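All chains are identified by letter, namely A, B, C and D, in their written order; residue positions are counted from 1 within each chain.
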Amino acid sequence: MSFPLLTVVAVVPAAGAIATAALPAAKRTAAKWLALLFSLATFALALVVAFRFDPGSKSPYQFTESHAWISDFGVRYELGVDGIAVALIALTTLLIPFIILAGWHDADPLEEATPNRRWRPTQGFFALILAVEAMVVISFEATDVFVFYIFFEAMLIPMYFLIGGFGDRAGGDGEDEAASRRSYAAVKFLLYNLVGGLIMLAAVIGLYAVTADQLGTGTFSLQQIVEARAAGKLDIGTGTERLLFLGFFFAFAVKAPLWPLHTWLPNAMGESTAPVAVLITAVVDKVGTFAMLRFCLQLFPQASSWATPAILVLALISVLYGALLAVAQRDIKRLIAYASISHFGFIILGIFAMTSQGQGGATLYMVNHGISTAALMLVAGFLISRRGSRLIADYGGVQKVAPILAGTFLIGGLATLSLPGLAPFISEFLVLVGTFSRYPVIGIIATLGIVLAALYVLVLYQRTMTGPVKSEVTGMPDLRVRELVVVAPLIALLLFLGVYPKPLTDLVNPAVDHTLSVVDKKDPKPTVQVDAVPGGGRHGHAVRDQDVEAAK
Amino acid sequence: MNPVNYLYLAALLFTIGAAGVLIRRNAIVVFMCIELMLNACNLAFVTFSRMHGNLDGQIIAFFTMVVAAAEVVVGLAIIVSIFRTRHTASVDDASLMKL
Amino acid sequence: MENLIALLVAAPLVGAALLLCGGKRLDRTGHLIGTLFSVASFALGAALFADMLGKGAGDRTLHQQLFTWIPVGGFRADVAFQLDQLSMTFVLLITGVGSLIHIYSIGYMAHDERRRRFFGYLNLFLAAMLLLVLADNYLLLYAGWEGVGLASYLLIGFWQHKPSAATAAKKAFLVNRVGDMGLSIAIMLMFTTFGTFAFAPVFAATDRTGQGTLTALGLLLLLAACGKSAQVPLQSWLGDAMEGPTPVSALIHAATMVTAGVYLITRSGAIFNAAPTAQLAVVVVGAVTLLFGAIVGCAKDDIKKALAGSTMSQIGYMILAAGLGPIGYAFAIMHLVTHGFFKAGLFLGAGSVMHGMNDEVDMRRYGGLRKYMPVTFVTFGLGYLAIIGFPGLSGFFSKDKIIEAAFARGGTEGWILGGAALLGAAITAFYMTRVMLMTFFGEKRWDPAEVHPHESPKVMTIPMIVLAIGSVFAGGLFSINEVFVKWLEPVTSFAHGHSPVSATTVTAATMVVLVIGVGIAWGMYGRRPVPALAPRGSLLTRAARRDLLQDDFNHVVFVRGGEQVTGTLVQLDRSLVDGAVTGTAASMGGLSGLLRQLQTGFVRSYAVQMLGGAAVLVAATLLMRGV
Amino acid sequence: MSSVASVHSLWTVAAGAPGKIPAPHIEYTELSPTLIVLGAAVIGILIEALVPRRNRYYSQLLLSLVALAAAFAAVIGLAAGGFGSSKAHIAAMGAIAVDGPALFLQGTILLVSLIAVFTFAERRLDPAAHGNRVDSFAAQPAAVPGGPAEQAAVKAGFTTTEVFPILLFAVGGMLIFPAANDLLTLFIALEVFSLPLYILCALARRQRLLSQEAAVKYFLLGAFSSAFLLFGVALLYGYAGTVGYAGIAQVVSDGAKQIDPALAGTMGNDALLLIGAALVLMGLLFKVGAVPFHMWTPDVYQGAPTPVTGFMAAATKVAAFGALLRLLYVVLPGMRWDWRPVMWGVAIITMLGGAIVAITQTDIKRLLAYSSIAHAGFILAGVIATSEDGVSSVLFYLGAYSFVTLGAFAVVTLVRDAGGEATTLSKWAGLGRRSPLVAAVFAVFLLAFAGIPLTSGFAGKFAVFKAAAQSGAGWLVVVGVLSSAIAAFFYIRVIVLMFFNEPKADGPTVAVPSPLTTTAIAIGVTATLVLGLAPQYFLDLAGHAGVFVR
């Protein structure tokens, strides 16, 4: 058998987590560097995967691994990646080093609070981050529903400790108060996701029962199920399929999060440190949307199209609702959280528009939103760490004292309001087009989102960065080298992907086509046939592409 | 005489025993009521044994007696030790653990 | 030659990148670098222009395909440029005026410590604007469209420490975003209809497209144009935009960016020609705005705001013309160019005045400045004559043609539009004269002790002189046997309108209203002294001072209303959405507390419950069998 | 329990040809595990009687460990010898079944008891009294708490080494319980392992009042329930005319055979069957602690000495569920359609009841008690499946669960303050700061209880629910899932308390245990993780052990 590349990509951070956790309390700095080292190694491996991945190949999944695991449950340890997974793995492994760097000092223990030598928050912090990375990567790779489920769920535990155990030193109302709010947020996060996961568990078991009933031996292998369905060997009854779909979707909708299951996100992102907040929204939540694309759609095509209208409406509500609430926030992090809710609305919109633009856009959106939110949130984190407050009202005129910080913050914001030239514009526009081409009304209403986005971003920037310099802000240092190292690459990436997203789209397109073919959906044809025009000729040919598309 | 009547008697005794367990406070009495229930079972066994015309029921009755005796040993031990501690045999006083 | 098109955009872009990322080390040379790159772009533009003139009218269109931007499924957007006569006109205008204003800014911003960043933003604007006019498909155009929006945001809010500036910048961006919605939806509609959004194929397919779609497209594009070109109902941002440094007002909010709407409509002529309803909407918007802007312009005492009003109204003329279809496009663009000259000149003049008056903007604190700043006076005066359409100067030719075309639309519409245009001309004459008089004539209303009016340095006056020359002769040159119209015809197509009234009549009428307007102004501000404090004024005046209450409307409806909505939503989020969940948790706790009570700690109660349980168990088992 | 059958046969033979009396035939090898343990118990008593006090502890400990290990080895031997599958048969003249489930459960019980012995023998946790180490059992249980007699006993350094033989007797009973193949044996086994437990409950060194109260409650209710069970047995005997499982099953499936006309006339004999079955079921449900027969669980778990609690929670459940399975699968499959819906109801209220009431608990031992009730509900879901999968899933769950439980209670013994174990939840605040390792271990157990993936709890839960779903009990699965969501809430509460709350100034300390407890906990953790990550081998074991001999 070939080299288990995918396993290794997941094992390296896991090993890193153990190694970091094992370091003695005194070796704090060592732990940080060790964690960073492992995360970089993981990123390198992810790049290997990305470059050895062949978008042209016929097989939907590559680097596949398959070993028996729990035959009684019909579970095989099956890994495999398609373009979407590769993109998201690359994103995850890319962000983790930045998260670690940004959180360099977030877990330094307060001097007085070291009850005993075994208490090693710093080691724990970075170990947990790496653990999360490992689990996220695995769940992106898993092509076995059960394997996916296991890590989808297990991921909650380290996240839970990250949220509840580490927060901003920003204690306006005392450390105890902050701690209690933290643990509330953590519990809320865990319960929401656990309930979602458990309901999904019921569906997973149901899926097993169905397959066992119809295929003789129960299986969780995505490919096997899809093939069996295609061959007509497997026919889940309509009612059952819908129930199972809902079971799966509920879990992913909580994770994503989709209105009205979103209320855990603002608390979680608000109370946790900026890097952890990024970990939540840019990395972990992506598993939810990714899973909708890979599992909901491919396992239950009919049910998916059955539920599409309802889901689209919910997504639309998320888009506007999130944006409107973001406008009203007084807390920088909560504002970004609600903005993310709005963005996840767009992603889900794109996924369930069932067009190549929509789903391609949604996938790009996952990546771009990851990068842009990371940029915005991390800079916000740097800002907060300077002033020790999350309230927008406590800032003002920062632009004057810390121009670079303000500049990077602005760029992050512009990315968030998806300005052309920055990556998020492309994905957002694709999602809108994809939605519009099948559901014009929803597409148009969703476009309101871009105005609202401009509103909350610019209001945030105006209140914090411009205007007369507040006295508490004077003498605020500008970005340090470490912080610049974190932000600059992200911004560069935003610009690059905004101007030349082709590498990404080439990666994603085949996977999207495969998904659509499984769901058996075609892009709507243009109503007016455009003939090749001199000068515009290549567009005529673009249209022919589309016919090929439609013919599939 | 119809053996079924013995069954009724057994059921009656069993019910009385159960009622006693519910009503009486004194641990000893409660315990005696349980013994009564066991004896009711014995009666039932013996009666059935007679009806079916095999000895199993009667044998079982002996076993039950033995068990009952064993229970008495353990039960009294516990109750007595409690009595020595609390100077009361009322089961209602032993209610420190609740909710 | 076509491979050079990209360089037009690239040059200022590189400049911007250099200046914005360069850091402090470029602080001292920044302005020169910026100017250099913009001039380079202009030179390149000129070269391409020369090359274009060398070709026949038919094959003047150049194409440059750089790379595929977004390939997803059938969706394909290219980074590709199209340089034809129309874009060329804009390229020259943008880079030319742009370069002049760069030079001007060297003097104007000399003492600002963030000058480097200012020039960076200017370059960024040039790049975006050039991208806008050179794009060969709507999505790329959209990129430029938003790019100029960003640049204008940054430049309006350049003096960020002033809250008013920051607010104005935000407002401008937001109002523009509303317009952008229109453009993006239009693009989506194009994609779903044609499967592409590149100019050539879309325009070629219009004849096969349903009326409804085309009208929708037209209206959506009009919405976009309204946003960018500050047309009613999205005009509210332009006045506040004057918070930005004056060169910015000159370049972005007078000469170039605000005319993007006109470009969009002219460029999409094929669509509009096929959608009469949309065209009607366009002309209505144009006519309304040209009056609206003019009226606002009359009431403002802030010189820049007065000029802003005038800009609004002049663009109204252009939109009106563009809405008239083939009979108007060419004149719209022509007026756009001449307007570019004289309005830029006027703003630079205003800037020069402010420069000499310690940044005082209230015209009621000016007066009799002609002696103190002669060059400014002369250039400003020429600009003034041009804009009111003094015979022989640029404005005369371009505006006159538009009025004619308006009449030429024919029918009642023709009369109404023509009348509106004439009325506009009269009001223009009035408020411009007002500005002129209040600024340069009459007695001084400023305190010589603290204000020492003086002429601006050469680096500022020279651009003004150049622009003045432009505003004097451009119109005439363009009109010599319709050279300009012929130049644009291959792109915009041209049709001679048949006006119910002869050209001479129109000209005469224009002259008459011109005299009336000037006369009234002279009567009000020339003969009697201007009060240093604004009189209460008539209802209309007061309304006009407040932009005809448009802002108040927005404030009440959108700001207050929006706050209401978000406020309620926040409440709902906490009480309803979150409450539902926490409520369930709480009720679980309550239930638990209730059930706990069963655990009384009394053996006998346990026994009772066991007995009950047993009874239930037995009963249930019996029930199952139905015994 | 050979005698019933033998005497019976004697009687029938006597009625026929007088003469030779066939000696009862006992398969000693097949019964060896039980015999070893009981034998060891007897020897233990002798040790108490004969060996000088100072040597008793070690000799008892050694004896118990050896006996249990040997018994376990015997079980393995039998299983290897194919008695679990091919050679499975009824031994001891129909009294005991030697088959897959029996051996698997006996193996589990023996392992659990082995670990329990470790925790019983722990003598490092309590501060040494008068210079001699003490375990968690009263020095002189008969003495009045705090009275002079007790003082003297403590001074003299007495320790209740009787616990070991008592434990062994209980284990002996538990070994027979799931293997019992007639109702009488079932009853006897029940008493044999219950009586020792009653005593063990009363032996706590600290908080003896609670301990004695727990004992008396457990005893009275236990006796009460066993009386019901016995009456049920009587009715079933009356219905079938025999107490042998096979016999009853035959009658149940073939319908009524010839029966005394009087009896038939007076009451439809099905009523005998149904009522009898219900009462026997109740007796067993009491032992597994299913709602509404769970009332004793929290009180007893809280009052009993923690090592005993751990042993009870783990081993009793295993034994009781074993017996329940055999009863339902061997005796009553014929009336499946009668008891399944009833058990559905019981399972549902057990899952929900346990989980909901646990939310507001403030004592860690009571909390675990309620959690054990909820888990009983989950296991019942598997029992109801009435399929081979169901059996094996239950077997697996029992194995997984018992180790987690033992480990958890072992950890509870470590957290102490002046008054002995600090079981009040609020005292656990900030434990994660004080001693991260212990807290982390406990967190692992809690997560396993909550059924988080990668722990044995998840594998077990999945197996059970899978079986239930395949037997068409989909909605039961949904309820189960929901109640485990509720349950997750209070497990998380404890974790929050341990890790996210600031430690209290007068908080408890974590005692450093001897290798005994450490081993116990270590085994618990290992089992939890191994069964979570690679459960396949054990699933296979359980799978092969899924068939009852009839």
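The rule is short, and it goes like this: a residue touches a chain if its C-beta (ideal position, glycine included) is under 8 Å from a C-beta of that chain, and two chains touch if they have at least 3 such contacts.
Here's who's who by UniProt: A = NADH-quinone oxidoreductase subunit M; B = NADH-quinone oxidoreductase subunit K; C = NADH-quinone oxidoreductase subunit L; D = NADH-quinone oxidoreductase subunit N.
Not measured: the values here are computed from a predicted model.
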item	value
Most central chain, Cα average position	A
Of B-D and A-C, whichever chain pair has more C-beta contact pairs	A-C
Remotest chain, chain D as reference, centres from CA atoms	C
Inter-chain centre distance, chain B versus chain D - centres from mean C-alpha coordinates, in Å	24
Where chain A and chain B are represented by their mean Cα positions, the distance between them in whole Å	66
Mean-CA-position distance for chain C and chain A (Å)	37
Intercentroid distance (Cα basis), chain D paired with chain C, Å	81
In chain A, residues with contacts to at least two other chains	191
Where chain C touches two or more other chains, by residue	585, 596, 599, 601, 603, 607
Multi-chain contact sites of chain D, meaning residues that touch two or more partners	216-217, 220, 224, 228, 298-299, 489
Touching pairs - complete list by chain label	A-C, A-D, B-C, B-D, C-D
Complex contacts: residues of chain D adjacent to chain C	216-217, 220-221, 224-225, 228, 268, 270-271, 274-275, 277-279, 281-282, 285-286, 291-293, 295-296, 298-299, 335, 337-339, 341-342, 345-346, 353, 356-360, 486, 489
Residues of chain A defined as touching chain D within the complex	68-73, 113, 115-116, 118-120, 149-151, 153-154, 156-157, 160-161, 164-165, 176, 179, 182-183, 186-187, 190-191, 194-195, 198-199, 201-202, 205-206, 208-209, 212-213
In the complex with chain D, residue positions of chain B that touch it	2-4, 7, 10, 14, 17-18, 21, 27, 30-31, 34, 37-38, 40-41, 44-45, 47-49, 51-52, 54-57, 59-60, 63-64, 67, 70-71, 74-75, 77-79, 81-82, 84-86, 91, 94-98
Of chain C, residues touching chain B in the complex	596-597, 599-604, 607-608, 611
Complex contacts: residues of chain A adjacent to chain C	191-192, 259-260, 262-263, 321, 324-325, 327-328, 355-357, 360-361, 397, 399-400, 407, 414, 419-421, 425-426, 429-430, 432-433, 436-437, 440, 443-444, 447-448, 450-451, 454-455, 458-459, 462, 465-469, 499-502, 505-506, 508-509, 512-513, 523-536, 538-540, 542-543, 545-546, 549-550
